[in-house]
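As written, the chains take the letters A, B, C, D, E and F, and residue 1 is the first residue of each chain.
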Amino acid sequence: MIPLAAISRNGLLLAVFGLATTLGIALTYQGTKDAIAEQERIAQARALLEIMPASNHANDMLESTFALVDFEQLGLRHAQVGYRALNDQQEVIAVLLPALARDGYSGDIAMLVGIMADGTIAGVRVLNHHETPGLGDKVELKKSDWILSFEGKSLDKPVVTQWKVSKDGGEFDAFTGATVTPRAVIGAVKRALQYFDTHRAAMLTNESETTP
Amino acid sequence: MSSPSYSELTLNGLWKNNPALVQLLGLCPLLAVTGSVVNALGLGLATMFVLTLSNIAVSLVRHFVSDAIRLPAFVMIIASFTACIELLMRAYAFELYQILGIFIPLIVTNCSILGRADAFACKNSVLPAAYDGFIMGLGFGLVLVLIGGLREIIGSATLFDNMQLLFGEDASQWKIVLSDDYPGFLAAILPPGAFIVVGFVIAGKNVIDAALKRRADANKEKPVRGANRARVTGHIS
Amino acid sequence: MSLLNVTSPHAHGQLSTAKVMQLVVLATLPGIAALVGVFGAGVLINLVIAAVASLACEAAILSLRGRPVSFYLQDFSALVTAVLLAISLPPYAPWWVVVIGAVFAIGVAKQLYGGLGYNPFNPAMAAYVVLLISLPVQMTQWGAPFAAQPMGLAEAMASNILQHVDAVTSATPLDALKQGIDTLSGATGHIGGYGWEWVNAGFLLGGLFLMWRGIFSWHAPVSMLAALAAMAFLFPNDALSRVDSILFHLFSGASMFGAFFIITDPVSSATTHRGKLIFGGLIGALVYSIRHWGNYPDAVAFAVMLLNLAAPFIDQYTQPRTFGHGGTPS
Amino acid sequence: MIEAIVAQPLLAALFALVGLSLIFGAVLGFASERFKTEGDPIADQICDLLPQTQCGQCGYPGCRPYAEAIAGGERINRCPPGGESTIQALANLLDVEPLPLDEEVGEEKPKSVAVIREAECIGCTKCIQACPVDAILGAAKQMHTVIESECTGCDLCVEPCPVDCIDMVEIPVTLKTWHWQNPTKTADIIATDGGQR
Amino acid sequence: MSDIIFKLTGGVHPPQNKHQSIQRPIAQADVPAQLVIPMSQHIGPPSTPIVTVGQRVLKGQCIATAESFEGAFVHASTSGKVLAIEERPHNHASGMPALSIVIESDGNDEWQRMPAMENWPQCDRQTLLQRIHEAGVIGMGGAGFPAASKLATDKPIHTLVMNGAECEPYITSDQMLMTERAEELILSCELMMHVLGASKTLFGIEDNKPEAIEAIKAAHAKRGNDKIHIVVIPTVYPSGGSKQLIQILTGNEVPSSGHSSDLGIIMQNVATAVAAYRAIVFGEPSISRITTLTGEALAAPQNIEALVGTPLSALLEQAGWQQNLADRIIIGGPMMGYTVTDTQLPVTKTTNCILVPTRAELPPPPPAQACIRCGLCAEACPASLLPQQLYWFSRAGEHDKLESHNLFDCIECGACSYSCPSNIPLVQYYRASKAEIRQARRDAKQAEQSKRRFEARQARLQRLEEEKTAQRAARAEAAKKRLEEANTSASVVDPIQAAIERAAAKRTSAAAPATEAVDMIAKLEKRLTAAKIKLASAESAGSDKLVPLQEAVDKLTQQLAEAQQQAGDKP
Amino acid sequence: MLVEYSLLLLSTVLVNNFVLVQFLGLCPFMGVSNRLETAMGMGAATTFVLTLASVCSYLTFNYLLAPLGLEYLRTIAFILVIAVVVQFTEMVVRKTSPLLHKVLGVYLPLITTNCAVLGVALLNVNKQHNFGQSAVYGFGAAVGFSLVLVLFSAMRERLAVADVPKPFQGAAIGMITAGLMSLAFMGFAGLGS
């Protein structure tokens, strides 16, 4: 015997609950929708904005992306886009390139390298890594200022041969007990600069294109 | 069922029947989001909010639901409040929302096992129910913050770091640095530390309880043995 | 006259727990000697600090609990833990690292469970792991083997206690292998990486002595080393030939120390014979897996803790066949 | 139709969830009718662990009612005749922490049996009515006697006796029933936990 | 002879200490002035005294009997007068008293033998078994299991195993017996084989008794019976355990819940065999035994043939007891023996050794330390158990786990305790736990029975109760019938009935919310039935309240119909 | 394909163990681990429900919520789905195998409140798993949960007789043990990546 009465009564009652609760959520959603969208944009652009603060440029960098040719040169495992920062005159003042160091201590280190049009570094940020907490993770800005030491450097300041950790006879400090991670990061930044060098012309012309 | 007094509710929620330390419920957030005070506080407030509101709602509708759909109905109420707070946090405390991750939506299961809706709210009127939800949430939140604080101190010798995530930019001044050349003790911030710190906090509570009990025992007469023995064969004439 | 009224047996064997522990300490001597020879006197300082801290911590907790302190200290188990912990630490670790380790080992991993015999995890290894993840900087500073000027006792003290001298550090051979740096030594005749084969040989010697004295059975160590060798043979690192790989893994890092002193800890390991075979075998396999595919260059401590975790379960399902139960008569 | 709904986010939400909960409610309603639980198997298992002394010291009229109460959430430490071992067994069955015996209900006593001083018995049959297991033989106005092997030692018969002629007598240890005891805890130095800590 | 031997599982090698007591030949104990002969020397129901206080008995005269082979006959050990039949402290681990017959010796030691059966090879099995039974022969190797009962097995037996292992340190009573009475022993083997119908004897002797081996081999060679195999086995404790010796000699394991007879093997201790032999060939019942007196507190350790019932003190005196040195008195060996504190206890048929060590020789047990799970106990256990696990479970009172770890296969040999570096009295835990489990089983049985009786009683009471209500209901029914008949307007009754049915149908649907209306209806129904019953009884009694009652019923009926109407409208 | 799935399985069972690394499902982990047999029952029940719930919530999300643009309703939708799955499982088990019901029955209702179940559903969405991955992920999470639950319960049976200091007896020492377990599991970090 199928107890139809019980089924329909309970089903209906629960449906009423569903109705009420959904209404509540849906209304909240309608109310917060725009704020959330805004927050999500900010979050996406956070790393970009840290390197190129809003005061320095005039465009929405998330909007002006360009495809990276020869992305393997940046260490990337699959195609990604770069970002342009423009001034009021719509001239490119800097590009922000994703880069990947594959020789980290435990896995890949993903980062974003900002390079001014003149080839100096605007800033570097590590986006994602699996380095040992307490050792290799000092490449995060949260843990140490080390990553800021790249600012203002360029391919000839110091000279290419000095783009090494001090232990290997280079310009850059390493952390106590961890040489592998800085070595990997420095290598990747250097590669990004070299990539910029080779592709500078194409990147500095502002012709927006969509993500390939 | 006569509703217990407010002071009893308070004592229960904060100490005697503390959801986290005594009932051992809601352990996941207790361990997962207590790496720092700010995370703990964020989740604690969210939980308190949901618990209070859902208790109110459940108490309001308690006469309409039948037994069969009681649980699902209550779960839906809790879920909807959770969904609301999730949306609100996304809108107004996005970074914290990202840090707390899935533990925000998980307030649903968390709260439903806190069981207050089922155990208390559906048997009491709105005011006690609301108060109970609030106190239970508070008891839970306080433990969260306590553990967050301990882990933050042991792990990195700071307190109230990153409070701006919750209270806006001004709060970034609140950070207290206890020692400048502390090498850091990462285990406290990593998962193992969470368990061990909670273990020690529970043990600490046991010590206090034992001391309290000893004091109480000292001035309490022994219960009369067998006072409420039942007559097994008493109904026979 | 009052006559004793006690249960049988009235006779008792010669071995006592204290004596077992003393033998274990004794058996570490060849390994310690090798460590001193290779890395200088640092390990001796660690030994002293660890022993003092462990015994003090044990005594403190015992008296807190109102237990007879000297009765328990006399079982020497805290000393064994201290010695094994000190051996595992880098020889020039700061003194406070050693103290934290000893306090964690005795205070948390051992006494919180009720002391000798009750701890589910190997205290020395639990302490090692906590230190490794908490203070990775201090815990990865291994001195260079056979340094040009080996440290004497005085210098070692200065380094460990006053933290004056900055010891020259270098990646351990296992670490180097992980990073793909060839410090190997197959070519130079050092099978386990420069200096490390001596250390391992020392512990092998001590271990064989304990086995001969019947302190533990052969099952766990042999099965661990066999599993380690098998894994090294099956999945060699690119830089090594299969045979070199076996020798390298057997004689580098904590392999022998682990096989004979750590996984044989009776309290936290499996107790049945079959259980010990499984216990050792899985440890060997895990050690290699973590060394080869994981984040840590050496993995004895992790592997041991992971199997400690499984030991009660293993014991439950590896009971030997009781006399007179099934089985075919021979 | 679908497009219309999708175009209206509010409507879509309502539609989706109401649909889900309709189905859900229906299924539960069906389940609640179709699969009613009858009896409580766990209470049977609990009852099997209780000593069946039927003495009522737990505050329930017999072991079965107490078993049902435990199944309903009553604490497991209220049966003095069962003592520690019963509490342990219940804790194992229910996967909860064993508690010490509740002082309120009494203490664990050695097992005893009732013995009627037959010379004094006036044959009032009150004890027969009190005995939960019919362990007393006798008819009105005749001497009564306890069947020792059936007596559970519940002592329920003691109080009703108007002439107080029933004694509870401990079952003595004999050569046959003697056995080794566990080593005393005091001899076992590990277990002397400074009294309490 | 090259008999294959097998390896014993586990085992330990305690210092033997046997040389001390074999320096002297077997001495004869003096007949004491008073003998206390317990009725429970064997495993099984206690023997029943057949003498009366004051009666004169002769040496060898039966003084207590047993009904079946499970029991044992008891005989006077010397001639004299029965002084008392009462509970006396018994030579038993418990120190509990046991029913004993106290005989005052008259010093004459006057024999009354049973008829000799020198023609035993011609006697049938039953006759011989009866004689062994009536001679009170019980296992003298330890357990005291009645020999006749064991020999009377109905399983086919092919092998007799003679247990001359004597693996316990210190004890040499079997050794001396084998050395001095080898020929009798070989003959006993033949007798036993005859009784059992066995085709061979395996005679196991540990290799630490060269004199005994030599003597037995010589006697064997002289007799030239090739069915008897003398097998020298390595010295290891507990090779003398029955299951262990069978394992060593045959490689077979006695099944856990079975007996050696399941393998076609019966084992007897050498002393038991000799006792049985003497009972048959000389008609001498079992009234004495060879006991080893040893330990450093004795000036003259030796073996003494003592009468059953002799107080220990008499023997100790004879062996030069130095009371001030004695630390404990152990009955049996250092591995399985139990201590006694009373030197007046009697020697029994199973008292194979009285060990009186000094404190230095066997120091008191040091306090137990924690188990470190070193597994040395498991290495030593001859039963392949995990003593450390048993110990943990025993401490936790985990009976299920103990049983699943085969606690009951433990032979309580003490090898585990012997080897435990932490000095844990493991065997005591096992003994206690075994007893607890047996008790728990008995309790469970008892509880089951109590439960049945309780339930039966409840059911009976309920039946009585129901019968009462049924009677009441029947009366009410009858009255109602009359009421109906009286009420000519049937139309009033029908809607009520319908309403009642409807309400009842509603109530059965459990999920239905108990609305107020339904409650109301139920209440009204109740009141209505009550009123009707009253009405009916008033009617039958011819009461004058008939009219107001009738009115009340009508009113209620109407109310009910209204409520019903409302409830029907609502949903 | 096979390699990818087995790596995912390895990673969910060991490397990112739900209980010890991700902190999900801790209440039953602490609560239902006093005895080995119960732990095994709970493990079996959870494995079944978790796998089924993972798949069902995947379907609900991708075929109901996502097309309608209702991602924000996922929490409430998932919790409903889980409850139905649990109830449904109980019904089926009760009908088809009373024996199995006796073993699993008591644990089933507890599973609804195990946040590992909702966690799996949510993480499937976050990680954008496809159908197969969702199934493997749910199964792996459950196996990881059951594995540590069973090992932990075997260990707790041992702890029950240990001479733990009074204040630490019970939950406290359980927590600390779990902490040491989690310490051990850190050794798996990086494995399989």
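The working rule: a residue touches a chain if its C-beta (ideal position, glycine included) is under 8 Å from a C-beta of that chain, and two chains touch if they have at least 3 such contacts.
Computed from a prediction, not measured in an experiment: that's the story for all the values here.
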| Which chain's centre, taken as the mean of its Cα atoms, is farthest from the centre of subunit B? | E
| field | Most remote chain, CA-based centroid, reference being subunit A | value | E
| query | How many angstrom lie between the CA centroids of subunit D and subunit F, rounded to a whole number? | reply | 34
| message | Can you compute the centre-to-centre distance for subunit C and subunit D, using the mean CA position of each chain? Integer Å is fine. | response | 50
| How many Å are there between the centre of subunit A and the centre of subunit E, using C-alpha atoms for each centre? | 79
| request: Would you mind listing the residues of subunit D that make contact with two or more other chains? | output: 9, 13, 16-17, 20-21, 23-25, 28-29, 32-34, 54, 62, 92, 132, 180, 183, 189-190, 193, 197
| note | The positions of subunit B in contact with two or more other chains are 66-69, 72, 76, 79-80, 83, 87, 184, 186-187, 190, 192, 196, 236
| note | Among subunit A residues, those touching two or more other chains are 3, 6, 9-10, 13-14, 17-18, 21-22, 25-26, 29, 106, 130, 133-134
| request: Using the touch definition up top, name the residues of subunit C that touch subunit F in the complex. | output: 65, 108-109, 111-115, 118, 120-121, 126, 129-130, 133, 286, 289-290, 293-296, 299, 301-303, 305-306, 308-310, 312-313, 316
| Which residues of subunit A touch subunit F in their complex? | 21-22, 25-26, 29, 106-107, 130
| Residue ranges of subunit C in contact with subunit A within the complex | 133-138, 140-141, 169, 179, 295
| Inside the complex, what are the residues of subunit F that reach subunit E? | 158, 160-161, 163
| task | Within their complex, state which residues of subunit B touch subunit C. | result | 183-188, 190, 192, 196
